[in-house]
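When the chains are written out, they are named A, B, C, D and E in that same order, and each has its own residue count from 1.
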Amino acid sequence: MSGNGSANYWQIFKNGLFGENPVFRLALSLCPAVAVTSGVKNGFLMGVAVLFVMVMVNATVSLIRNFINPKVRIPSYMFIIATWVTVTDLVMAAYQRAVYKEMGLYIMLIVAFAIVLSRAEVFASRNKLLPSIVDGAGMGVGFLLALVLIGVFREFLGKGSLWGMQILSMNGKPLKPLLIMILPTGGFFAMGLLMGFLNWIDRRFFGGTGASGGGH
Amino acid sequence: MQEASVKAHATFSGGVHPPENKDLTAHKPAVRAGLPKRAVIPISQHIGAPSKPLVVVGQEVKTGEKIADSGGFVSAPVHASVSGKVVAIGNFPHPLGMDVTSIVIESDGKDEWFPGIKETRDYNLLGPEELRKMVQEAGIVGMGGATFPTHVKLSPPKEKPIDVVILNGAECEPYLTSDHRLMLDRSSEIIEGLKIIMKILGVKKGYVGIESNKPDAVEAMKKAAAGSPEIQVWALKVKYPQGAEKMLIKVITGRTVPAGGLPMDVGVVVQNVGTAAAVYDAVRYGRPLIERYVTVTGRGVKEPKNFIARIGMPFSQLLEEAGGLTDSAAKVIAGGPMMGMSQYTLDVPVIKGTSGITVLSKSEASVKPYGPCIRCARCIDACPMKLQPSIIGVFIEKGHFEDAKDYNVLDCFECGSCTFVCPANRPIVQWVKRAKKELLKKKN
Amino acid sequence: MEAAAQKEQQKSPTQLIVSIGPHVHATESTAAIMWSVSGALLPATLMSVYYFGMSAVMIIAVSILTAVLSEAAVQKILKKQVTVSDGSAFLTGLLVALNVPSGIPLYIPAIGSFVAIVITKQLFGGLGFNIFNPALIGRAFILISFPKLMTTYYEPLTSAFGMDGKTTATPLGILKEEGMARLLEIFHTKAALYQHLFVGNRAGSLGETSIAALLLGAIFLLLKRYITWHIPVSFIATTALLTWVFGGKEGLMTGDPLLHVLSGGLVLGAFYMATDYVTGPSVRSAQIIFGVACGALTALIRLKGGYPEGVMFAILIMNCFAPLLDRRVRSKVFGKVEAKGVKK
Amino acid sequence: MWEHVFTVFIASALINNFVFTRYLGLCIFFGVTKRMETAVGMSFTFTAVMMIGVALNWLIYNYVMVPLGIAFLKIVIFIGVIAGFVQAADTIMKKVTPALYYKLGIYLALITTNCIILAVPLEMAGEHMGLIDSLTLALGSGAGFSLALIIMASIRERLDLADVPKSFQGLPIAFVLTGLIALAFLGFSGMVTL
Amino acid sequence: MKDLLRITLSLVVIFVAAGVIMGGTYKVTSPAKFYAEKKEKEEALKEMAPEATDPIRPAGTWESHEKPYEYYVATSGNKPVAYIASTAGKGYSSFVKMLVSLDTNFIIRGIKVLSHGETPGLGDQILEPGFLEQFKGKSLNQIVLIKGETKENIQAISGATISSRAVTNGVRDAVKMLVDKYGAGVAATAKEGVR
């Protein structure tokens, strides 16, 4: 992973969006990508939650990076992550009742997302505050965009709606092109097909290897 | 006898029924082929160490004279099959593929026999040792195709006592009828040969296994064996590869040769009927192995025939005697279509293991492209060794040799049944051969 | 062809063909098999047309066309050799058609065939490599996507043309929702019920209704050795046994196995779909395990599941396990003391 | 009672299989199913850690956190407990049974960042489950996950031999495959109601 | 040694800081959450009986599927205007939890589904008004699920019969319970139509 402290913030940010998109490229923290994307809205809110956590964690870590002893590095990071996730969880639970009912569990599970820890470890722990925040933001936004993309794909095909607004309809009744897309099965299909498609584009037009990573 | 032939109907599981096409030559008595003008005699016509030439270019030799001596215990001497002059010693094409050092004798057409050869009327006074020596000196090797030096088979290690000898007259290969004709012409010699082999091995039980599609041969052999209760002649179900020794032993003795093991592990020695006849000739008349029955057949030859041909006879000359090739001739095979080797030149000679020359026409020989395995399991049902050729094939195709080994590819004896039945035309035997090479490479 | 082998070919002065043996082949071919299986389905297909008329014709045509065209298209895109002539895509399309109810909008079987060929078969490497039964995945896909339409069955037509049949529940559906009593109300006697099921004059997916026609084809396949008894027999027997033991309202052993065997997709599934070479185990003993498991799952889903029919899911679930079976259960090699253990 | 336990087990193993119906544990699921050995190794390790982790967390949750009214710290505490326990297991195994450690040790590290390992305790806390139920859930989830891993591994090993289109090799086809398995497992749906 | 001290020190600091952050958040959010929940519940109940002037309080609990559920009597000036019960029905993959409200003649006024875990797209069709509206104005012995056209009774959603049945059964149980408790008069009619 490219994590040098070069002050070119746009580079760092973009890297999270495309070069090392957490979901499609690094293939990290895949669960939520499938789990909460049956609708655009949930995907978006999940993305925001992750974005918030990543920015805060990166910031915290880079702030105290010289202060933490390497021996207890990882545990401390995990503790920091857990802290910010708890904050997010509590806030969501209080002010986003409806959404929280559906995806509360996944919000809490952000704590297990390898992507957060790996950025803290790979980037924040070696960079100054600002770059770290930008990196967190980049990764977070990349994650968010991925979720939204999958969400659009699934909700549109599955419910014929976007962000809960019915778009397709046939003589008054809502038209649901492919119900299956909002079921677990459909989630996996969506991921697989999108990944394959992006790989294809990458190979075809950018001469990339078109390989998606794997595992955590 | 009676219950024997009844029992004979039990058979091994697996196997296939390729069209026999034996009627092309089955009814034609073997005729003596002319002498080879230039006999090309490879110094290795057997499994094991090549033999060492004893002659030099220019030297005169007589028919039956030893021209190359054993290169070790697992080896066999080679004899001149015609009288004449050694004109060359060098690499020449060999029916088994690669070029091999061969001794070329230009025939003087007189066919004068080597004086050193003498008969032994009262050979049954001789002991096992002397008999074995005679077999070895005569350069006899397995004539069923395996060409394994016979005297080696006849000297089993102490810890593997032999109690049964089986003569293999199955001739399950399509087209071939040389063993068939041999059994009709020389039944009593074959039985005598069997008795000699049994004596050498000190065995009390002998069998002759013959596929029941040769009733006349079964009759002839039964008649010849009538006087000898220790010998039984069995009619076997017609199914390829009935002649494979493991299958033969299973059917006749009910014994199962352990995977990777040899017949002697279950106290059995299997010899081809031709081998037995050769043994008799060697012991009774002191004749070395310089000629054999050869079936020249297939839609690609004008007059399919059974020949008695000298070793070293070039395919081209023998084919001429069979009227030559038809225009449709497309593939020339040393041996039968199932296990035989297709040839790229007609200069190759008849050797000790050449039971036939099969010439296929274009329509028969066209090589169809192969498709993916559809897992239909026909090959699994067909495999007499009960392997899973389908999976083995896919593994090798993708270069996973170790996995193929894990699926026992090494137990495959390349009978080709799987490849024969495969609806996707998959060249499994070819792959198996490659896998064996690769695995061997890895081993050393 | 082997590079090496070709090298040999060049060595050849005369035009002799050189190849590794065996030099003769059985006349069987992949295409022949696939087309024969399609042929074996002809009786069932004709019956479906007889019972469900024009709608059946259209559905069958559309499914097959979509299947074949998608296969050709994908192979073109992937720059592979186009092999639609081998008949496997045709067969898949036909089976998709036989697995959907009559009167369904044509785009649904079309989607089914597309998913079957593109996602289930070609994405996984095409003929011989797919893990799941394409036709059944196609069916499952559209079943979940259009549950209403896919579970709306029509009475067979009395007049062979026009679509005036009225919708109804299928025998299994009724059995599940209302019970045996209701079935007897409709058909009066059990004999009449069985007879209707056997000739196929009942609601259901196109190809599954006429048991007689299906068996006719099945016998042909068995005689020609295109399929063996192992999977179908163990499959059907298990379902029959379990539905007999547990299927009854009044305690054990009061179920009606015959009804369960005759209704639903069981016969079609057991003889034509569970037998798919590619997606099942190939060692015979493993095939029996496969069949028994399919039967057990079918009974389980029919009796306990949220669905009237379980054949499709049973087969699909076992498709998941086929590679595992292939791994664990191997043919017993001639002369091997005990079949060699699996590599761990 | 036992019937209930059985139901919970089946439900968590098959019907609500974590991977196929709840999309959890994917990272590991895709990570270790390239080969059968790793899949099997992970199955054992995972189920064991799962059982013990849930037991510990159940005790701590019901006898420490609830009384102290700090249930809202469950995320921090649960992950702490699991991470700590895994660390301990790691060191202990290395000392006590090095053999086993070299077989399974590698997987321990991975497990800490696995969703399921955390999801089950959280669920247990959220639904105020009893000890028996919690352990059954843990066992069921472990079994379900193991089943998923082993099926997937056996299929992917066969997939190695297939010529999958380039762009789809690796993860994409694995996802589609998982989707198909999930589709098949829908057959179990509706069998029990929790 | 010194090293160890630094480690512990740093950890302690982190813990404290984190503790403060989380504790603080909790302080702020937990009341908010509490009120939000309370409000949700009250609004739900209010929806069931808009004209009730007095706050709606639990009148007792009853058992359904081995779980306790509450029931309420909505009053305006101590005069009952509606009977409300929370109830549940066994569905395809979950229990469908609902609120049912009856007028004083034990005719259904409305249904509200509080939560369910049925299959999206199939089971969750029970949320569609078209289905729930059917219950309005029906009395106990009319609450029977029919597969096929019906005005008199409750028509099942095809493709979701099981979920439909969950709702119907849940409602019927609740209505029966309320009738038994409060409707001495109408109780007679309640005998049949019970599964």
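Going forward, a residue touches a chain if its C-beta (ideal position, glycine included) is under 8 Å from a C-beta of that chain, and two chains touch if they have at least 3 such contacts.
What you are looking at is a predicted structure, and each value in this text was computed from that prediction instead of being measured.
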item	value
Third chains touching both subunit D and subunit B	C
A-E compared against B-C, more contacting pairs	B-C
Closest chain to global C-alpha mean, per-chain Cα centroids	C
Subunit A and subunit C, separation of their C-alpha mean positions in angstrom	41
Mean-CA-position distance for subunit D and subunit A (Å)	22
Where subunit D and subunit E are represented by their mean Cα positions, the distance between them in whole Å	32
Whole-Å separation of chain centres (CA-atom averages), subunit C against subunit D	34
Multi-partner residues of subunit D (at least 2 other chains)	72-73, 76, 161, 165, 168, 173, 176-177, 180, 183, 186, 189-190
Contacts with two or more other chains, residues of subunit A listed in rising order	79, 83, 86, 90, 179-180, 183, 185, 189
Per-residue multi-chain contacts in subunit B, two or more chains	none
All pairs of touching chains, each written as two labels joined by a dash	A-C, A-D, A-E, B-C, B-D, C-D, C-E, D-E
Residues of subunit A defined as touching subunit E within the complex	38, 64, 67-69, 71-72, 76, 79-80, 83, 86-87, 90-91, 93-95, 97, 101, 158-159, 176, 179, 182-183
Parts of subunit B lying in touch with subunit D, wherever the complex brings them together	394-395, 398, 400
Subunit B to subunit C touching residues, read off their complex	16, 18-19, 174, 246, 256-261, 330-333, 337-346, 358, 360, 364-368, 371-378, 380, 383-388, 390-391, 406-408, 411, 416, 419-425, 427, 429-430, 433-434
Complex contact set, residues of subunit C against subunit E	147-148, 151-152, 169, 177, 306
In the complex, subunit C residues that touch subunit A	111, 119, 141, 144-147
